[in-house]
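Next up is a structure, given as structure tokens.
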């Protein structure tokens, strides 16, 4: 079972949920009820989602919980009860994970692991097929140098793909969509779009922490001070300079490398589409608009998917509002089948 | 030569332009210069674009121009000069078109005619492949009933695809893009998206006039009073009712027809994406977001294409601002070629 | 006693409130306190307002409450206590209503019933005096066909007239105001305004459910997907078509029926005044502006009335902010009386 | 003939217009054409509207025009021609007005004079019927002290009622509307509303100049620095203080005078409804909302009236956009008449 | 110890806090827990900040707390515990203050008292050096007449300088900043700026109550109805009139007094910089812009200071968001020191 | 005489202006009047402002004007006439500048040259006094490497300081203001603020061209694609890396260099204050707010100065609106002087 599955079960209305969960402690606080009795509030994650549970001082697992540390790896087993104040431990056992279990947990749930492995291969493949040698080299160097961190990063802290590897899934899906549209809009410079997709959110690797052995993520100071767009621009500038003497940058070819660099940076700078959403410039080339819409399309579909899974629908198929989506999602129309 | 080509030539800086143009008179006004001498301001179009020219009272073609009527079909031949106040007739001859020439003009430039013919076939084909019999029947009935008018309509009066047949080209291109994305997002209900694309701007057939023998278009009263979204919803409602007793609506199948109708109307209602852009509701289903982004992507690429063709770039490849695009378009990056 | 009166009493600071209330169960949830003991959260309404009360597991009425069903009709008697977490049952008795009591409850409180009966008669009368036979017939047909549902509908789910029959009261009041203004602005087409008032919110009959035997209302799927403006337009279009062969539509008279239909639809489409408030077009005729301002005036006065009744004022006559009103209402200036 | 009639004739498409106009010179500039020849640009008004005409140096009236002075009173007779650059004098004679003609001109066109005389009597009557002696005294004192200036003031410099006496007409009409609504909303404090209407735009007497012998108006420095809302508040404060020892303020009665003053100032302060439109506070009482909507309703109807008279409609009854109205006005629906 | 220090300690994570606090009772409410047992919620302030504490019915101090009255002066001693629901009394003793202690409390904490005394002297001195005799007299008269109230007023109810004397500190600091900038921008009329600073928020003396013997402040009715900008304008107008016959207003000098008055009122009216923030006009003179930016600069620095003191930072120096600041404050960069 | 003086004279109403102007040709276009006769439109600048003049084909200077080239240096002597269509050459002589005159022109008007020389020395001095050796070294390296270009750059293309050296003047003035405020706000890190001021607009050196021998400036492609904020960030990153092994970066000291770099980049990134004005992040530290307000204060005062000089005031001291200022500037209040 994963924390994401637990979240989905809660959205479906479960009240007493049997859990069997390897996870990492995100935060541990000892608080005190009105009557002075202490309880523990434990936040845990397995990289697919996070939840909080309260363990009361008279619960058998209380002493073990007190010994936990933030960042520790544990196995939660038992029954959680949903209350108006959040989850409460009912029959709960807690034990540390074995070293093997830790590695397994860090690797992610097997199916997601396989899925993300495939996604990563796709990304490598798409970038490998870029015809402009400068852009191809740039993309592959990024993957070599920061691939591991890239594979761990969430695409956002809250809104969409907010889980370990979410950024990779988002980028892979956008690259697929770009390839699909290539024959429809043959005049677009798809080399530029592809490498723009790879780098558009690359600043997020530093905007949020995503350590090798930490499943939770949090904002970083440099993320607060600059935001991911300037960080991504800085990354491309650094890689570009490092690579500027490599053979791929010395081949005779058009357009000039400096033009390519400026257009690529424009894609990163403008990908939020409007200045009020944090882009210092608005899109001014066909490739910038293509990237902007592919990004939004994939993000909105992921937000709706999460809303359908993680919030509650009423009898008429109307779901709860889930920011940043403006309205309340409505159950989609099933595909036709004759009966 | 077409008026669109004339426009492009003007953007490229031409000052004296040799013309040979079959066209229709949009507006004809006799005005008077400061010295009391009259001149004619003649607006003409051939369905690809429109322009205005001034013919001064001492110009040899002045008497013939005085005899023209709005809606008349003429052949303009000679030389136009670009002045700070617009085009001025330099050596101009004007004669009525022959009946054959009129038909040829109404049919459109041969290459655009062929192009739009293909586009129309694509639309028919895409709709014909819709699996839900209700949606397929609805789309095909629209094409049967209003196909001729649909093929004449511009997609907008100013912003993009603002020429005869522009709406058809826009719809065909969006359908292509939708088909391309189908394998990338297999969970989307593409039947619904396809028929949504067909109808999303269908209200424009009545929002702007687009008569069979009139190449110019203008706003209609019902267009001003309602806008194309409510008109398109009314169209679907009328067709739906007319077809509700047809065999295709009586086949056993899921989901129920009423669900299908509501979801289709939602796609039309929400396709502008935000209420401040005229949508009474925001998108609430995956299909509504897909339609919204495909619409915007195709429109923005068409706007940029028009800006590159019809406005002037400076030496650094920066074009003039062309509303509704916010910034100044920049010359796109050419594709890589080794040298 | 009504639930609205209970709400007012709470706003006035009551802490222990004696109740004697026939009402319907809206929602019934069994929850569990921290100590594992269960309690019931019971939401109830009588069509004038709704409230929630908690019944703890050791309360004598707990067993009977457990047997309740959503939609059931009950009599609540006893004492409710206001706590920081909402109402709590103190000395509470619960019994099913008798069939007679159910009918009485569905009919509404006698004074409101009488009031709304008069309001309905006024509406019928105002519409009956419309001089244009097409508009008069349209309005009367709506009342015949949907009058019962119209009389049950609230004008909104939260903001103003949010109770059974609220829409009727709102429409009747607006019709009164329109008649009052007729001599002041004699050039306005008041026939059109009157029928516009009748239909402006008619889409709300389907945007929110308002069943014959259900006092609570909730959003419908079609309401979420289209909003009440397109639904109202669809209603008028359907009625118009159904009536287009009736004698009233065949009398010789000006202006043509199609002009009338378009102008009426414009009133519905534009009545929110701005696109960001959900109107696909802004008002473009005198009648559209008149309707827009009469609607807002009546709504704002109703919102203030509710704020004065249902929220708490401080010693200086400043009330709590109550969205969507922007600021905090201030106690109005009493009328002058000499002393 | 009035300048307003001239404006209407131009909107209806007249090209050569016979004029016979007593008016005042607003501005007189000698400019020079490209060939170095001078011409005069003459702006004139009669208090109903203003226009500009060019008189070329070879026109017979040129020498007389050169002798004119700003503020001078003249009679314009002859023919004006509409050109793309504005009006041009065709056969024009100019002579000074006789003293009697000047007085007649300052009195305004007879029908407007009669109309405004009636309007003023209505205002006096409405204020005279106010029951609160403080408010009544305040209103009557304002009319005594500033009545002459009040009768000259326009309601705005551009948007609505932008002519001599326009503010009076606007206030009289709003007072009529308020009286009409009194029985519909009997709980509103109509004394307060009435006196609020009288004073809501009173700051405009100083925001724009409106001298006794000057028909044109222009912004004043205090108007630019403060705007009419703070100026109106200052006026009421000064009058209130001056009157605070008058008998009407010493009668025993409720509510206290200070409460009345604060509520009246609130009506002035909040009458634009939103802070972005220049109100330092938003409406917080029923009377403030009533005033706000009556003001907007009357202003919007006046704007539409001016648009219908002064701009050009196309064949489909769609008028030109005229700021601040957002969309293009549409020809209103005529009242029903059987044929 | 002050309540502000208590607040800071809570932000730093304290859970059991030893208190020894002279303060005034702001609000006292007896509420009831779920089990029916009563408890007291006590809000208290000492003019530096305010807090709430709950005293349960079984706490030894409960009986004394029941006897307290709003506005009473008390000494709180003991231990407060932070719980998820706010502060709870742990070992608490409550006694009335002695008359001497009351005076001491009203005088404020000694260091703040000294600080504010200095600030007031600075204000007097700065205004005393104004060269224009009208402006100087106006400022000094305000200080004479309302100085005591001015020294008590907070600068805001929530956002910055929200404590007794906060307005004085804000004004003194702005005057210092103005003097510092005088040599940098010598063309600005600093006389006008200085007196503008003194009066810009003077309306707040009446917008919020700030009684001589009451440490808490609350909104007043006139504040809700007008806001502090019109109140401040009224104040200056009244003082101006009262002083208009004083010798300082009769000295021969330029510019005329009326010009000075209008420019000063403009500074008050426009100091929020934009109409959507409540200014009826935007700044139109250099002095108005200078005042606007000095106000904002001082306010923003005070908001950040409060955020650093009163909210919690994470390990990376990122603080909690604290409206109206838009983003999350970041720990500032310490000054350089060599090591 | 300078072009700026010419502009001021035009604003003051001059119609025939004697000129004696060394300048550079910005643009040269041969156009044609309605009668077919050609004329030249000549745009010229001397780095203080730019203007256009028309030279008609029958003017004695026409042949020489035809020989001019864009970028050429010329001396304009004679009389210019103001016409409704812009300036027209009346008695005009044109000759090339001598090499000495060219150098003199490029150096700028002597008084501005001296003024900017002083400004530059101030900047060097202020940066030289920065205590943090990393920040000081960074600032001085920028001045060494790009000082010449920095001294040529305008601060904006239109809004304020839009002339050669304008950026330098703006930066110097802001540094003066910062030094003045240092004792008022001693807790601010003024080292950081000073270097932030130096770099805040440094991206403008590349956003607009400002060549050594070209007085006109125009947008660059990289400026359009990125904007000056990302360009400035890139500049600091490059300098930082280049300097990271210099002795100043190796001294023992606190805070760490990486912290300093992040905070400095934050100042550049956030200096527009809001995302809708192009800042990817909003200010989050005291230094960022200080920089933002000093920038705005200096810019607004410069805009007003330009408006007072270059637009026309009416008799009441109200100037024309000059974007981006929102309202119409008002003549400032003169300083007091006794008479």
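The letters A, B, C, D, E and F name the chains in turn, as written, and every chain counts its residues from 1.
One rule holds for everything that comes next: a residue touches a chain if its C-beta (ideal position, glycine included) is under 8 Å from a C-beta of that chain, and two chains touch if they have at least 3 such contacts.
Keep in mind that what you see is a predicted model, and the values were worked out from it rather than measured.
For the pair chain A and chain B, chains touching both partners: C, F. At the interface between chain C and chain D, two copies of one sequence, more than half of the residue numbers in use appear on both sides, so the contact is built from largely the same positions. When every chain is reduced to the mean of its CA atoms, the largest separation from chain F belongs to C. Greatest Cα centroid separation from chain E: this falls to B.
The equivalent interface to C-E, defined as the listed pair sharing over half of its contact pairs by residue number with it, is A-E out of A-B, A-E or D-E.
Separating the centre of chain B from that of chain E, both taken as means of CA atoms, is a distance of 61 Å.
Annotation: 44 Å between the Cα-based centres of chain B and chain F.
For chain E, residues touching at least two other chains, in rising order: 33, 221, 224-225, 263, 266, 281, 284, 327-328, 330. Here, these are the chain pairs in contact: A-B, A-C, A-E, A-F, B-C, B-D, B-F, C-D, C-E, D-E, D-F, E-F.
Considering their complex, residues 33, 56, 81, 83-85, 88, 314, 316-318, 327-328, 330-331 of chain B touch chain F. Contacts from chain F toward chain E in the complex involve residues 131-133, 135, 173, 176-177, 180-181, 183-185, 188-189, 191-192, 251-255, 259-260, 263, 266, 281-287, 289-290, 293, 296-297, 300-301, 304, 326-330, 332-339.
Within the complex formed with chain C, the chain B residues making contact are 221-222, 224-227, 229-230, 233-234, 237-238, 262-263, 265-266, 269, 275-281, 284. For chain A in complex with chain E, the residues that touch the partner chain are 31-34, 218-221, 224-225.
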